[in-house]
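Just so it is clear, A, B and C label the chains in written order, and each chain counts residues from 1 on its own.
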Amino acid sequence: MRYLFKKAIIFIITLLIISVLTFTAFQVIPGNSALTALGMEATDEAIETLKEELGFNKNVFIRYFDWLKKVTKGDFGDSIQYHSKATDLIKDRVVVTLWLAIISFILILIIALPLGVLSALKKNSIVDKAILVMTQISMAIPPFFLGILLTILFGFVIKIFIPGNYISYKEDIAGFLYYLIFPAMAVAIPKISMLVKFLRNSIIRELKLDYVRTARSKGNDERTIMYKHVLKNAFIPIITLLGMMLADIMAGTILIEQVFSLPGLGRLLLVSISNRDFAVVQAIILYMALIVVLINFIVDILYQFLDPRVTKI
Amino acid sequence: MNIKLLKKHKYNIDFIIGSVLLLFAILIVIIGLFYTPYDPNVMSNELKNISPSLLHPFGTDNFGRDILSRVMKGTGTTVIISTMIVTIGVLFGTLIGAITGYYGGWLDEVLMRMNDALLAFPSLLLALVFVGIFGVGKYNIILALGLVFIPSFSRIVRSEFITYKNMDFVNNAILLGASDFRIMFVHILPNTKPMLLSAVVVGLNNAVLAEAGMSFLGLGVQPPDPSLGRMLSEAQSYLFNAPWYALAPGLMIVIIVLGFSLISGGRLFEK
Amino acid sequence: MLKRKAIMILLILVLSITLYGCKGNMKSTKTVTIGITQDLDSLDPHKAVAAGTKEVLFNIYEGLYKLDKNGELVSAVAESYEVSSDDLVYIFNIRNGIKFHNGNNVTANDIEYSIKRSAGMLKPSDPMIAVISAFSVISDVEAIGDNTVKIVLNEPDTEILYYLSTCDIIPKDYAEISTKPIGTGPFKFVSYSPLESVVMEKYNDYYLENKQQIEKVIFKISSDTDSAFMELRSGVIDILPYLTDAQAEQIPEGYYVKEGSMNLIQGIFLNNEREPFNDIRVRQALSYAIDRQKIIDIVAGGKGEVLGTNMFPGFKNYYDETLVDVYDFNPDKAKELLKEAGYDNGISFTIKVPSNYQYHVDTAQIVVEQLKESGINADIQLIEWSAWLSEVYKERDYQATLSGLAAEVAPRKALERFNTEAGNNFMNYKNPEFDNLYKTANNTNDENERILYYKQMQAMLTKDAAAVYIQNPFQITAINDKLDGYTYYPIYVQDMSLIYFK
């Protein structure tokens, strides 16, 4: 109980740091939302009035605490561009991003885990080398470019994907998920290579440790050693990596949503940053941070659960 | 036994191929400093989007500029920028990761919270902030992205340190009266090398890509100066009528990243 | 074991993908999808400021009058008008039987409300409303009965009708205008989903009968031109405007290309108060140092029209095309002028370019290369659009910027910003002679006489080289072979009511 309480406090502090960072960011970057909203022909007077209305002329600290007070009541403020509540705006987009992330994660796991194990078992063989080179090259392609290559491959060569034929999840959930598989590939492929590499190295390292030799000398067969000991231990550092990877996936979706024109959180974030739509940016960042921090929290717990060495501390 | 010898041999091949690839990249960078077949910025209306030929081995771009010459110049920019970014990330990341992982306690708690916060923060916005502070430009992007890279390195190093700090060889060193500093950087750090090296390769890769992304958003290398990432992002608009545009910068990025990973992979078996 | 399981899962996945992929594309034949690359900034016509939004909303809303494809005013919500002899009082008669999309009659009260709202005359006024600055000459708007509206001006304004055409008429006190828009245009609003699409359908009670008019229009919002182009190639998008020259060359089968004027003044705008551009000779030198035709050739395959002054070429009567030849490409002359101005070793400066417009970024690269020939060293600095708005446009903190000024309803708009005191005079152009001419032109009722004044002002801007005017680019549009009727306007408009199936 005390442990959970402590974690919750830490959790809130992390989110506070993030909100302060975002707030500061908007003080530093050039451009302002009043100007962007009113356009090129706006008079200085009109801009001043709007700034006053939006509270931009108040002291930074007062503004931050005003904002914070509202957030505790669940009010993230209104989008200047969309003239609607930031939370309403996010509600619809988040479904797209979460599903994109989930599908990406599944793709990563089902492709990377077998490849990583295979690569480690057949260390230095042709198979290993082929996997290494393949994953390495796919990792070296910038995600936006990978997205375009995949679009061309599946859209114009194999023709199982219709670029732009996005279907809202409200209309047809199957069609929606199907469309997301292709952008998810673009998110997943670079991460697959990363996971394969780490997993391979982790298993190889584990295999060299004393206990494996001991187990072998005791006459345990290779399969038991592999599955009961090596893999389990090799997976422990991988869990940290997976946690980090989820944060990476969330970040990766931003670019990929842009390439595939998906109406997700990431694209909304980019649009809102360029419009200096503060309320929306702040809400999205906190939302994404919430997810990432939550995942790290779970990873921490898993880590303690799986690795007895950690709990000893 | 023979197998052992063979393995040793194979590791050498990896290492050799990796070195050759990297040497090739470095050679290109050095030659590019003094000589390029054409002026990389000179444009020509007649030579727009010409497919590869003897005169222009990698063709020309939408301004009629020679792609080979631009890649030669751009590789230098990209290599310098990305190694600097990773250097910043590794140096500070290792320092923070080592301290927090080894000592734990409230310092660990505080720094890791900051870490989590930064990891959760979109790097685009972070980079925009730094650009807002330092201004736009080739070298400002190093600082901005370098800082963005620190948290992921420190997280990896930290988890490695947590794994190793209770191991026997560390306890022995403590009994022998080694200082904390010595334990951290002489005893533990070398053990993190495989993980760290993998992370460096990944980091290097990400740095090349991040620079591309930033250039694409107008925050990195300013046009008309070439960088590999920028060229690749420009090439995407011409994939249907000038697909070769993407080839040379794409190949160069693959060569650099593959070279590094082969070397680090080779090193891994040395132990 | 693990391997076998993984392969099984993979197989199932691949199978389901291919099976689903065969389902194909189901689209109603009466629907036309048009690609846009910018999300709307508002559905409320009085709050929308982006050109990309206005060209969509054009299909839903109408003003008292509206601009046609020739740049002439045609009656819309108003049927006719009368002006008093002192040019101060306008009486508008509402079109007989005109109805809003919700079935209610358009009344004089709605018009009074709409004009007052976009003039900022409502109390309390909504600060988000983009007030039409030209409406500051309006002193009163009054509904007389149900069908006539009286507008009183402080001083005569010969172009007030143009500006009134930009004020869309909406129902009085309608609170949901920004979520469920209601207008009088040929299409009525169906739905809007941010970052996805705007859907409209034919308004059957529209006062102009058009049997050919399409039933449903989807404005599909893509994140950029590259992905929009992919969607065109895959057949999802039927009409895609603002193509690059390279894309026009890659048009897939089943589509054709139409070209028209974009009515954009692309130029290098100079800060007339900053060194080295506070010297007229340096500005002129810059004009001599660039080869406009060559720029157009490289950046757009020749698809553009060289500009010599600051006027939208769409207003053919007003535009003075002879000014194109004032500055030819002449690096020697440029060097000479620089020497005269005391810059013996050439000059160096920074051009700020909005990074979201690849067209401007590309042009800037060519400009930089050309300037070298005249010993001028320019650096490009890309900045975000909102930073451009605040740094360059409002704070005027720049030396030079390469960008475009989009055409607006009235020809006067092109010249207004060069008044010494104009709030949008971001080039800091100061010429008392120009100010006087502008005032005189404004008070001149005779159109031919006014055109003469306009041309004099244009000549002045060219001679003073307030900016280096480059070109009016072509607007290239890809259109599905099944469709016809795509029409170019002198302002930014995507008129879907003229599109029809062949």
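Criterion: a contact is a pair of C-beta atoms (placed from the backbone, for glycine too) under 8 Å apart; a residue touches a chain by one contact, two chains touch by 3 or more.
A quick note: this is a predicted structure, and the numbers were derived from the prediction, not measured.
> Please indicate which chain is farthest from chain B, where distance is taken between mean Cα coordinates of the chains.
The chain farthest from chain B, judged by C-alpha centres, is C.
> I want to compare two interfaces, B-C and A-B. Which one has more contacting C-beta pairs?
A-B
> With chain centres taken as the means of their Cα atoms, state the distance from chain A to chain C in Å.
The answer is 37 Å.
> Once you find the CA centre of chain B and the CA centre of chain C, what distance in Å lies between them?
42
> So, what's the distance in Å between the C-alpha centres of chain B and chain A?
From the centre of chain A to the centre of chain B is 21 Å.
> Which chain C residues touch at least two other chains?
Counting only residues that touch two or more other chains, chain C contributes 226, 383-384.
> Give the residues of chain A touching no fewer than two other chains, as numbers and ranges.
In chain A, residues 29-30, 148 touch at least two other chains, as defined above.
> Scan chain B for residues touching two or more other chains and write them down.
128, 236, in rising order.
> Could you please specify the touching residues of chain A with respect to chain C in the complex?
Result: residues 29-33, 35-44, 46-47, 49-50, 52-53, 80-84, 89, 92-93, 110-111, 113-114, 117-118, 148, 151, 155-156, 159-166, 168, 174-175, 178, 181, 257-261, 263-264, 267-268, 271, 274-276 of chain A touch chain C.
> If you look only at chain C, which of its residues touch chain A in the complex?
The touching residues are 2-3, 6-7, 9-10, 13, 17-18, 20-23, 25, 39, 41-42, 44, 47, 49-50, 120, 127-128, 130-133, 178-179, 193-196, 220-224, 226-228, 230-231, 233-237, 356, 383-387, 389-391, 393-394, 423-424.
> Going by the contact rule set out above, which residues of chain C touch chain B in the complex?
Residue list for chain C touching chain B: 225-226, 244, 246-247, 249-250, 294, 297-298, 355, 358, 361-362, 364-366, 368-369, 379-384.
> Which residues of chain B touch chain A in their complex?
Residues 7, 10-11, 104, 109, 113-114, 116-126, 128-129, 131-133, 152, 155-156, 159-160, 162-163, 166, 194-195, 198, 201-202, 205, 208-209, 212-213, 216, 229, 232-233, 236, 239, 246, 250, 253-254, 256-258, 261, 265, 268-269, 271 of chain B touch chain A in their complex.
> Where on chain B is chain C touching in the complex?
41-43, 45, 48-49, 62-64, 128, 136, 217-219, 222-224, 236-238, 240-242
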